[in-house]
């Protein structure tokens, strides 16, 4: 217990927690995206998938929910605390300051994260609980998507959030391995290919659905 | 006054051992009762402070740097010698001893040098145990290179940053002790004076550079490890802040100053580019392992060096010293370069430079091999000069680099003031009239890790020290004098910056007391320095206050001491009517222009003792007796 | 060459500072950045005004004293160089240049461009060493260290303790500095016995000094005059995790020599 607490108290400990929870999130979004893409195979397919999750796999989903909720909470709390520590580390800022190599993605993690938090809350109220959905029908996943994205600003909000997600993951997928000390030593550690691919695939995989509804490819 | 060197009796090889046995010890439980002040945390100071604290003494350490890791030792590039004979090329303690004595042109103490060669072996072991990442072979063994003045490979190195790695080793040991509360560290604190009570060193007066507060710190013994005084020349390879103040104030309190005129001019430095230049940059001597020095045969030859055919090149070191060639010792190589330039064959815009050419080595070994050996040095050269040394030869010129002179110390490293010990470059001890490459780091660490921790015990065990307090009149007087000096500097409010005086002083020293000196140049130098000193105390501008961080004041205070030292250097050079090592009197040379020693009259250490303001200092003499080596004319031909 | 300088002037830690404008005239292009300031200072001194205070010593990129944020870039525009190794030929004639001190809560400004970087020393004090009191060392060749390991140790050991990594890091993190020392010692057999204890102590001290954490921005590596790779941070984190996972309960005897 003592060890855990000391671990959590240190900045590296917190950052490790962020890395682990971020990777859990990454695993989830990959699976979730794959699930969502079934929308392109028709309403029956994805509705059946939804029924499978809520039916036979119910227990597993419950466990996953608990893990995910814990992960999001830990991730957000650590993000908040670390951000505060680092803000306090430079009380007086530079008059002139030119970032040299840090990516836009890394510099927007915090605001992007806030956006993602808003998105996640909204999204659950939207498609899982349905309280912000204009025509929510329990179990009718495809129909919920179609009617949900009829509201233009919602679809656009989803798209914006997916850009934020892509950027978050472009940095996170690379940095988390370094945070956890798992990365290979490289001559140019800042260069990364896999995370780009991952970020593009995930954010466009997700974005495809609202976009398809928006453009009328899916109805 | 007589200089008692306290060299132990017995055969050379056994002196240190038997001395260690004969010395008095301080009982471990009593060590805690003794407080030792160490000024300086370069290789000598940091190793001494850490080791004495490990032994149990209470240690306080003072540096003007903001961290002990920034001492000038950090800049040493090339390497450190040790008689390990790992290369099986015939090295031994005796050979290192002999090379060092000979390299110093027979003006060092045999016993000290032998001890140095003996403990050199332990230094490498100690440093490796601390984690100093010396260069290694693939098989895991340590590797060596050869250095000027030696025909064996005994130099250990860590890329081009040997001094840095050795210092960090000592620094880490020091920081460990600080962290444990065993050493009290005073950074950004400059020692201004030694405090003597009844003729014995009992503390220091120091100025907190952040606040300007001047305070006195008392102790049972004081150790100075404050580095060399090469910056008396303004332009040198030393760090900008290196200065003589600590040992100079000790001199004025009665610690004799030995051989001040013995300065080392290093042959491979980047030539000066213009008047704005604030310091000179050394290119490690190791470059001479693969680089060949040459100058055009014709005067004023401004062709691109690549267009000058072999037949019109003069590889002057190889020509003059066929057996050592480009690896001739520093004083010899420097003088040879100066000679070539004096003949009008120098290169570069100023004509003050010769080539150091790697073309042949690149052809023989490939650019990659050269890059591996000297990559960082080449990069440094290119950064400063904007020229690519892979494609065109480097231009080099000698520059002031090291000072062999310093506070006179006996075999126990104690000065003529009881209780005041001096280590490292600050003392005069082991290099005679010329230091061989890679041996200053060795001496600093020998003094700090292995000599002073033992000899200080012998002093403390025998010293009968009465308690003193800050109220003691001698203590108060020293503190008051330091305060007054600062106030005086501030109050002059003249027109010239301290730096401008320093530049002028440097020019006088370089032109008249530099690589070649004679009666005439030295006498005019003494007059010119006198005039400069007079103007300084009338016309220096030190803006700001003394109760504050004030770099202008720090500088002015140091420059004032440099001027006095410069005068003493000229005086010493004038009195030493011979040429030896780095001290070259044009009146005393062989027909082919080599240094001509006068062993009958000058086989001695000259130590100057302060006699008060206005009075001429007394020249004390410690005769050097050579029992194990034959005095000979140094030949590297 | 001529330049307009905007330099941070601050009388002491307690006072507030501001940017002041100075003209740097007739500067030779061969002059280093510090020599340029020397010239400005010489003029100020001769006018009886206080010169710009700045830390410097070796002027060849090894002591780690010099420390200026030049136009928003730690140590200025030359890669792999400390402030003292930047030459004026890299700037445009007539350019305006802003010069500020390192900014970090752990590096309070002492005066003008000089900051107090003793926090870095305290990180070393906390554990950045191998305990090897002078004396009983064995022969230096007795423990073999492969060239690759010696080289890797050296790659990290070249840190000059300048603090540019902290200055450049958007989080004001001292991770690169701390990790460089850890990496140096962790690559050597002599560093193994204290390896995990060392990482815990040094990270704890780093936090205690109020440095920020590492987001892996990578700015530190770019600013580092010795180009130390952020790989060392990754290694520090791994060792930190291993240390926490394998931690033995603290006993009175293990606290003995702290």
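Order of writing sets the labels: A, B and C. Residues in every chain begin at 1.
Going forward, a residue touches a chain if its C-beta (ideal position, glycine included) is under 8 Å from a C-beta of that chain, and two chains touch if they have at least 3 such contacts.
Because the structure is a prediction, the values reported are computed rather than measured.
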With chains as vertices joined when they touch, what's the shape: line, ring, star, complete or other?
line
Of all the chains, which has the CA centre nearest the overall CA centre?
C
Averaging only over C-alpha atoms, locate the centres of subunit A and subunit B and give their separation in whole Å.
62
When the centre of a chain is set as the mean of its C-alpha atoms, what distance in Å lies between subunit A and subunit C?
36
For the pair subunit B and subunit C, the C-alpha centroid-to-centroid distance in angstrom is 27
Per the contact definition, I'd like the list of subunit C residues that touch subunit B in the complex.
11-12, 27-28, 30-32, 34-35, 38-39, 41-42, 44-46, 48-51, 53, 55-65, 78, 81, 85, 87, 89, 110-111, 114, 116-118, 120-122, 124-134, 137-141, 143-147, 150-151, 153-154, 157-158, 160-161, 184-185, 187-188, 190-191, 257-258
Note: in the complex, subunit C contacts subunit A through residues 6, 8, 19, 69, 71-73, 98, 100, 103-106, 168, 170-173, 203-204, 206-207, 210-219, 221-223, 229-231, 233-241, 244, 247
Would you mind writing out the residues of subunit B in touch with subunit C in their complex?
47, 50-51, 54, 65-70, 72, 74-75, 84, 86, 122, 124-131, 133-142, 158-159, 161, 164-165, 168, 171-173, 175-176, 178-180, 187, 210, 239-241, 273-274, 276-279, 281, 380, 383-384, 386, 449-450, 453, 493, 495-500, 541-544, 548-552
Along subunit A, where are the residues that touch subunit C in the complex?
3, 6-7, 9-16, 82, 85-86, 88-102, 106-107, 109, 171, 174-175, 178-183, 185-186, 189-190
